[in-house]
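We call the chains A, B, C and D, going by the order they appear; numbering starts again at 1 in every chain.
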């Protein structure tokens, strides 16, 4: 009953097999090996973007900041949600990698509204050289609260950005989960909607630790390579990053894994709902924000269930007080775990 | 016949086995798993340093800069060899992670002499607030030219640093190769000699991609953790870093691998010498800098041997002109490869 | 009728005289001259802080960021008002000088409330190594909207900061204007209330361009000196900064100038009120935010009055629509200018 | 007898007069005043560069780093002399403002030779993404050792840079001293030779504290304006920077001042030579590096002469041992001072 995060599940067997297969003899370092060539070709195909450039890194934070930095000058500001990972969970990594750019939080909830974004952009850069200059818009898909932007919504946000002449970054740490939820193609969820660069996550969905930064404008790639190197993110034994990605993409493992995670979340949500849980936000992918009575939390806790209580104390208070929690389903979560979880409520 | 670098060999089977073993069910992320606890205990044991703090990262550059940054303020300068990896091969990563510190190159060759270091240190910080302030000394062991500092030499360098009140960093990308060459303990090659923080490399010697930063002063560790996070180097599925390190250290695999690499280098050097090669620097670990006639290079090249020619053209020139090259033996290099290599000369 | 900003007035004659007096023969550079010694002694006296350290710079932004940087690590966040100068008007200078720290905006208006500050601080650093760490609190006195924190209010804010173990910076670009408004001493408005470092502005109140950074903890001064130097803010002909400050402080010119500016603002506010203006915020020092009918703005504009319209168009709209504007009185503003200004309404 | 530095003399009366004249009533801040418009027009004229963009700052370090930063990406390296001010005397300001670029020291003495520069440039960027990338060449004119590059020499250096596709920065802290020594025009010593951006110093030659950054490629100016602002170098009461520059340039004061300083240096050098001094480098502008017997140094010291002894102790040693010293003549140095100085030798 591990629902604390999808960053805690195992690697998919196919990823492990790809690593084992890659572990033969010597290979050229730093991405100059044949596996990386295959990865690049595969992602270009998937994204229907034959010119796209692809860089691999090992963490989601690295992917985000290396995707953003070539687009965000030190005197600019990045527009994002107040709960964006780049703002709340990266210990100022964007500020570090951009050389001191700012993050401007678009008011509202988890999902940015196009009008709030437009208003926020309009509010910046009205002070000439004194204020920060407008920089990229960063959108998180799946959002931090488990929401999935529709293609139309994405298109509107990108439209607002384009209107202002701003590039768009998509933080796709849970790219596959969003994509299967929408039933769309990678291209539709990125460049066709107006996205310029995407952090294409694999770690949370079955890899050990690999993410791709995909630039639809290949001219940004060389700067990003230099930034990756000086960030300490260029692997010498790069084939092991590439092998993970290849194993992840082969045979639709990435899609099947995302579908499995989303399905467990849906099942869990249904069960929670039937048991009286209230939802803080709609369950659109593999993340649930819901309230349960303290007594249920206590039973789950005693049974060893792992997930985050968002506020309130497990110990002190009424048994039936509703306390909010976050539960995340990863690709490997079993039916039994979900059922067991529900059985304690 | 792959001798281009020891960053190009495969991972050791025991590392792969450790990864497979770690790949069971869910685990707490970010290093809060039991494998990391084991790694920390193991390294503290090995280093005879029960207070030491240990952080894992995936690349040597990350290890170096995260080891240095807590010791090098932006207005300081790091003393190092003109051919140090941190100077020549990290695309200004130290400058980036320190927030703009400088690197001061200690004149001389690959190995720093204590007197040159002392003189260089004396030459800095004679300009008050105007010049850079003195910062840490960074020593590379095995050196970039394949040399190994004796314990006495290391002690002298650290003594010079201490005299000036400066901390010492050891870039141990090839830590094990040096250690087995010296026949000493990890403690002797580090804190007993005066080293404050070490980049303890595993990648080149049989891991996929993992390096430990070991702080003998545990007070520096929290700052380093924050820097690791904002550098994008904190793995969520951290168990796969820890598992690699555990597999690397178990059953003396790390020592055996280093011994194997050094032994092949010694055998290769002997063979080269017998065939008239001249050596640019003594072969003390697993790296060889030697000259061979152009014709030998041509034959090796045609046979598919991989190594770096340091200058001169393979094609144009006298057949018997001696051209310098670098050859590096990794743990997996076979006897056959060495013999075949020699057979072409 | 120049009310656009108090950064646009002339230098006070006594400042000019001090510069002329300083312009004799040679003087030791970089602050090692007797005038700087006098300035330091004078400010220590004024602040009743015999240990305080004093650094001079030429701009308010330089003073702010050099005051903050020694207190704000790159992985921390600075707490400030959403309209703070350091956030809105310094083109990411704090992010630059701190090496990538973040600014966390305390919700509410211009003046921070102690409860909002406490809540915001409590909200940060709940994410361990993932989120930014808590850093200094920066308070602006006079606020950007013309408010003056009472000593009690200041004490409460500092108390909240201290409770959380955080240092406090006071942006005193208009220090004197606030002080005379409160009728308090420099010590009362700073260290006695709990302030650790202050940007003590002189430029807006009669100097050409000089601000003091006053550290009540002298241990921070050397780091600040190094940061000032590498920021390019250490004047070689430093005597001209020191002379300005000395001229500014002598004979209570600084206090008289601030009183004059505040008095003109009070007179202007009274006149505006009598003519039906509405005030966006109370007039507590030398800054006025008030609305006037479009027709009045038009007449003022035609008459050459300089001030900022905050929104709305001068040209298009009803003559009696109320449009908000900012008016700032500097020390040199004449009675005639104020009266003339009022006459157009 | 103040010969410690030309940063220690007074401001020229004409500069003071310009300041006084500028100190009338209100003026638009941040450079939007008529005096700045005049300065820009004047410098464009002087440089015969009608498109050039001009920014004023108050210190030489600020000018250098703001000139360099738009040309030096964080992953690049700046080529300069081992004794360049940007390397030795700015406490890592270039590393700070470029976001972590490196400085590569061109071997040789004070003046760079074109061949050494070419060789050094060729040596960089042979390591692909691993090493720093080639960045701008920075040339100091007058050099730190008092040398003046001939126009031909300058042209050669710029030619080497252009061949490699690199921009050229001229650190002209003593621009006028070099120009009058060469008897050339500003254009000849800059863009006609191949210089892209110049730090045009005024402080050392008669201003209080003002330097111009002149971009011959106006497209770099906006980035530089943003960098100036976030560096804290944009003056609100900017007219006082502009007035200094205007006063400095009017009536050839800048040229006369430089001629006076150079002439005193020539006279002093002649006198020193006649008294047996040995010169460490040719005296080509207003700086002298020469040796004098210890006894002479002692007499000068006792008489209150101010200059820097470069090595050796004033107290201990033979009376006739020759000790090297640096003497700098500023525009205000009197004949009497020079004669008195010589009289003690």
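In this section, contacts are C-beta pairs under 8 Å (C-beta built on N, C-alpha and C of every residue); 3 or more make two chains touch, one makes a residue touch a chain.
Please read these numbers as outputs of a predicted model, since none were measured by experiment.
When the partners of chain A are compared with those of chain B, the chains appearing in both lists are C, D. Comparing chain pairs B-D and B-C by the number of C-beta pairs in contact, the larger count belongs to B-D. Centroid analysis (C-alpha atoms only) places A farthest from chain D.
At the chain C-chain D interface, residue numbers used by both copies make up over half of all numbers present, so the two copies contact each other through mostly the same positions.
Our note on geometry: chain B versus chain C, Cα centroid distance of 51 Å, whole angstroms.
Chain geometry summary: the mean Cα position of chain C and that of chain D are 34 Å apart.
Computed from the mean C-alpha positions, the centre of chain B lies at a distance of 42 Å from the centre of chain D. Contact with two or more other chains is made by residues 74-75, 90-92, 96, 99-100, 129-130, 133, 226, 229-230, 234 of chain B.
Note for the complex: chain C touches chain D at residues 2, 4-5, 7-11, 16, 19-20, 23-29, 57-62, 64-66, 90-93, 96-97, 203-204, 208-209, 226, 229-237, 240, 306, 330, 332. Across the complex, chain B is touched by residues 30, 73-75, 99-100, 129-130, 133, 223, 225-227, 229-230, 234 of chain C. On the chain D side of its complex with chain B, the touching residues are 74-77, 88-92, 95-96, 98-103, 127, 129-133.
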